[in-house]
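You will see two complexes here that share chain A, one where it goes with chain B and one where it goes with chain C.
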Partner chain A sequence: MDNTVKRLLERLVRRIPSRMLKTTLDKWSRLTATQRQSIDYTESKWALTEKLLAICEENELTVKHIAELEMIHVIENPNLGMWHAFQLMDPQDDAHSVELTQFKEQFKSHLSELIRHVSIKIKKHTDEAVWIRIAWGDTFSRPNHLKPTYVVHYLQTPYVFLSSLTSKQKPLLSQALVLSTRYQAIKDANLSGRKLTAIRDLLMKQYLQVFPTKFPSPLAERNRVVSNLHIEKEQAGSAANRHQMACEAFGDGLLPQLQSAVYKLETKFRDHTNKTMTERDEPFRCVVKFASTNLLESLRHSASSGVASTPVTPLLSSVPLKGKNYFVITDNGPGPSSQK
Partner chain B sequence: MERPQNSVVRTPIDSIVAQRRSKNKSYRQSYRSCLGAASRLGHTPGWTARRLNTSRRTKSHNITEKVNPEDLALLVKTEWQLSYVTPLYQFRHTQLRSYSRQLSAFITAEKQQGLAVEVEGAQTSFRVSFSVVQGLGETDDDAETVLVQIHSKPVFAGKDEAQKLVWSGWLTCINGNPEYLHSLPKDFTCLPLFGSRGAENLTSLVKSWFQQTFDCCFGPLEINQTCLQWLAALWTNCHIESSIQHLKMIWTLPVEPPLQITYTVNPQDAWELWNSVRTPSLESREEEETARSIDIEEVTRFMQGLMSHFYRHFRLDLSAGRLSQVSSALGSAKFSGRVKMSNSRYVLTTLSLLTECALLKMPI
Partner chain C sequence: MVCERKQCASGDRTGTTALSRVTFTGQHCGYPEVGGVVTQQPPKSKTCKRSGCLHRIKYVQKNKEKDSGNMEGAPAKGVLSHLSLLEVKARSRKTQLQQQSRVMELKAKVEALKTQREQLKAQIQTHQDLQKLRLAMDKQCADEEEENMEEESENSKLLRLMARHTQLKDLLHAHHLIGGYDIIKTRKGKGACVSIATAYEDVFLDTFNLEIDLKPTVKISRHNIPPFIPLNNLAEQNNMQTDLRVFLDTLSKHLNAFAGRKQQLKLVKEKHKSVEVMESNVLCSLLVLLFTVPREKTAVLCTLDYTDHTRCLPTRVHLESEDKQLPDSPQWKKNCTLLMETPVHKALITMKKMGSIA
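Let's turn to the complex of A and B:
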């Protein structure tokens, strides 16, 4: 049996949690009923791997079939790995009428023209997403299935999400995507994160962006032990105010789980107490990274609790508004800093 | 709280004076009472009266002249977990070999759950060595730094395989407060700063042995906000001599879920900001830039400059959170008490600061 098949299968069995192995294998439907029944899922992963290798050899499965299995797993678990969002620019006239079969054919033919040995698998998922798995080779070697790139594209939208792409592969993939979707260019959307669902929701504004018009009092909302009634009463007005502005900036309800936001600041230092630095011509260069298990929640809470002054600065509210989490800020013009 | 019977210095109300258990009868001044004037100016009771020195001299030291470079190499470029230690009773720098044997036997006994082990010559699988790092102390009052290393064979090693270093630690006192050191009774050696690296179970065994043998107490040393800010300023100050490559500060904000902010500043810009907040030098021009003393006000202004630049953009007040880590090419320090010194030239400055922190944190 091919070494690549072995390695790929071993790695896959290691990755897939035991409780999901059965369902994934059933979806794969490359095993006969008897074979599926003969697998004991309570065995150790090592024993399972051996069993599956034997079955695959029996069925004469190739690396392409194992790649299928991997794809099923990744589609079911899109929140692993690091995803980067891209946006297609300048649609041509027929961009909006590109449908699935046309896209599939075009993409496969363009990419195969650009690079000799490449293995492409395209699958349409239920939620209008087209998933593409690409194993890259080159003029001299066969496609490497151990380091595939995954691409998710929502037809009829200009958004593409990529995972595990090297800088060498990027121009080839960009070219193929642009040609097959009938756009003219593709650019980095400056949004990345671990959870595909989160960055997709953020970019395509598919989460609940409720901007409440009527507010119950904060006391009623939160189950806090009231420390001092007088303080609560006094603060009720400003607390409600902050809460409203926080929700206006970030939305109410459940927010997509973004992990980080990075700001590269190249603005001048301005502080009236420090004359020397203010008179400097060069910008004060620094990089600020915000990180949290759910960044937008944290930011919203910091606005509503007063840690961040309200109204929320456009730098922070741009994250949900523009769907970006990488910004380069420079001084442009006389006013406060603008964004690229 | 007890008052000393014959105190010459009037101690502030909130100082704690403790009596040594059974070892000797005389009372001893607490470290905090030695701070004298500084704490009397304090308006608040409670621990804010006990402060770090408000100004310190910084000087990069060509330390390789004084200290064996091999010993230095053991200290730098590793991350140490810090603790404070109360003064050691009857610790003799001349008895290090005996201590090595005793500690080795102790560890082996603990590992073997109480089987009797000979102190001399037995086939112990742990080899402990105590050594002195000569020349690290700044003043004559500083006791010499002691280095402890534990070598051991890996579990399934072959017969001839050499023992590897599995744990190391050191006790040091750099620029300890002279009043305090002089107020200690004769038999006590003050080495308040303890750093360790290696398995946690070995660390606790070493600590228990020290506690049993020298009647001392260990406790975790958290590097507080002021200390971290000092380190940020001290490292930035060294940029001219050795590039810090970046000044990175990590804050944690108390929101739900907790937000971590990493603020990395370009080293040249950080240095220019630092330079702009320095009070003009009153000393002669010949004196080296880096040998001037630094005041806490300058450090505060530096941090405020950084925080206000941040606020101008994000309208987020960093002081609402907690500074939990500072790092640069010269080293890193975390609130949890982990510190790394990457450049041997600044070891003494960093250790002086940390010695002070340890002395302040000690309960007696």
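Let's turn to the complex of A and C:
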């Protein structure tokens, strides 16, 4: 049996947790009922791999089929790996009426034109996301299925999410995407994270945002019920105010889980007590990185508890507002004025 | 003479007969007491009968500078008595002052309440004038207004503005109640927040919000409108800078139509399980359904194109089937028109009743 198939299958069985293996294999539907029943999921991974290899040989499955299985697994678990968001710019007139079949054909033909050996698989998920798996080869070698790139795009939106793309592959993929979606350019959206669902929710505005309204906000009702009537909080008013401003800046309820925010400073040093630094002509380069398991939640909490001053500084509130977590700050004015 | 001090239990101090009238002041525990008639000979000093009090009652003659009776023990008690006198004087001054300041306080309060009353009266008057003006405005008596134009004073101009303000607020509230958008001021007039409610078939769906900066230019600062609604294009096309209302009306149409189409898709998925949704998209502008004709079990693929994003009904219906003649049959031509004219979830109910689809 082909070595690549073996290696791919081995790696895949290792990656998929035992409890999910059954459901993934059922979804794959490349195994007959008897074959499926013959697999004992309590065995060790090594034993399972051997069993599956045998079945695949029986069914004469190729690397493409295994790639399918891998894709199913990745679609079910999109929060693994590192995802980067890109934005398509300047739509042409027919960009809004691009439909799936057209996009699929166009993308496959454009990418195949640009690079000879490439294996493309496109699948539409139930939530309207178009998933693309690309195994790259070049003029001399066959597509490498062990290092595929995954692309997620929602038609009629300008956002594309990529994972595992090298800098050599980037221009090829960008061109294929731009042509098939009928836009004119693509640029880095400066948003990245481990969870695809989080960066998608942030850009598609799928989390609960808070806006000023005329009518009392439900936040007040949902605030903690007074546990003891004899205890009165002296600063209840200002605490509620801070909480409101924090929620307006970051959102309410569960927030998309970002892992970091990076600020690259290229500003002049401004501390007057330090003459050596202020006398320099070049800007002071500094990188500030905030890291957390749930960055937006921590920022919101720091604003509502008073650690960060309210009204929330635009440097922090730009993360959800602009949907970015990489900023380059220059001297042109307060806040993130210039972005890559 | 009985000491008129309340707690004092001292009894009568007068003598038997009153031979001359001499006012005297008695120092009793340092407090002044009411003078009275006394005999020629003031009684001897007595001890205060107040329990626990060790003071002696002294009788000092007022009209005469010196009194022999009083000089007894005066050198020893003179300083103390003088001090007590001073203390008494100080106390009396304080209570007088207190009384005076209390009186001033009350007078000031009266003044304040009077001014408040005047203010409230003026407010009631303004309110009544406003009501009258509003009635006149609502009836749109243009003639009356023109007549009064020349006689308008500052006050009536202001009143007219206030009436117009309340009229606009009521209009906005009514607009909000019927499911239109709502707008409020934020950041002390420098910004506004618009809430656009969406509804379909008498059910309220999502609400979308826009925060707009009004100064220096009209610009959208924050919103929760999904990216497949072309917000920036709409803002440019409808010239948001000059005509905010047109922009908001168009945006409201787009959002309501989107919510309506989304709701239709949801209902089709829920209520019509026999119909398979082959394709849809986030904007709900394209729907491909797979029907099964009963009995023959032929499949019919139906494509609904909603190219006009401000409408909930499709602009094009296309049917495809393995049976080439099926789309041209009169029954299916009728179904085609039905799908163009009624919302898809309702059309499917009719089609099922007619037996066109399973």
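Convention: the second predicted complex is superposed on the first by the 297 of 340 C-alpha atoms of A that agree within 3 Å, B and C clash if a C-alpha of one lies under 4 Å from a C-alpha of the other, contacts with A are read in each partner's own complex, and residues count from 1 in each chain.
The definition used in the following text is that a residue touches a chain if its C-beta (ideal position, glycine included) is under 8 Å from a C-beta of that chain, and two chains touch if they have at least 3 such contacts.
Just so it is clear, the model here is predicted, and its values are computed rather than measured.
Taken together through their common chain A, the two structures put chain B and chain C side by side without a clash. Between chain B and chain C, the partner in contact with more residues of chain A is B. With both structures placed on the common chain, the touch criterion links A:Met20 to neither chain B nor chain C.
In the superposition on chain A, A:Leu203 makes contact with chain C only, while chain B stays out of contact range.
When both complexes are overlaid on chain A, the residue A:Glu128 reaches chain C alone and has no touch with chain B. When the shared chain is aligned, chain C comes close enough to touch A:Pro158, but chain B does not. By the touch criterion stated above, A:Leu265 is placed in contact with chain B alone, chain C being left untouched. Touch criterion not met for A:Val328: it reaches neither chain B nor chain C.
Once chain A of one complex is fitted onto chain A of the other, the partner contacts of A:Leu254 are absent, as it touches neither chain B nor chain C. The superposed three-chain arrangement places the nearest Cα atoms of chain B and chain C 20 Å from each other. Put simply, chain A uses no single residue to touch chain B in one complex and chain C in the other.
If you check the complex, the residues on chain B that touch chain A are 253-266, 269, 272-273, 275-277, 301, 305, 308-310, 312-317, 320-321. Taken together, the chain A residues at the contact with chain B in this complex read 263, 265, 267, 269-271, 274, 276-277, 280, 282, 284-295, 297-299, 301-302, 305, 307-309, 312-313, 315-316, 329, 337. On the chain C side of its complex with chain A, the touching residues are 182, 184, 186, 193, 195, 209, 211, 222-228, 230, 279-283, 285-286, 307. Chain A makes touch with chain C in their complex at residues 96-97, 99-100, 124, 128, 154-159, 203-206, 209, 211-214, 321.
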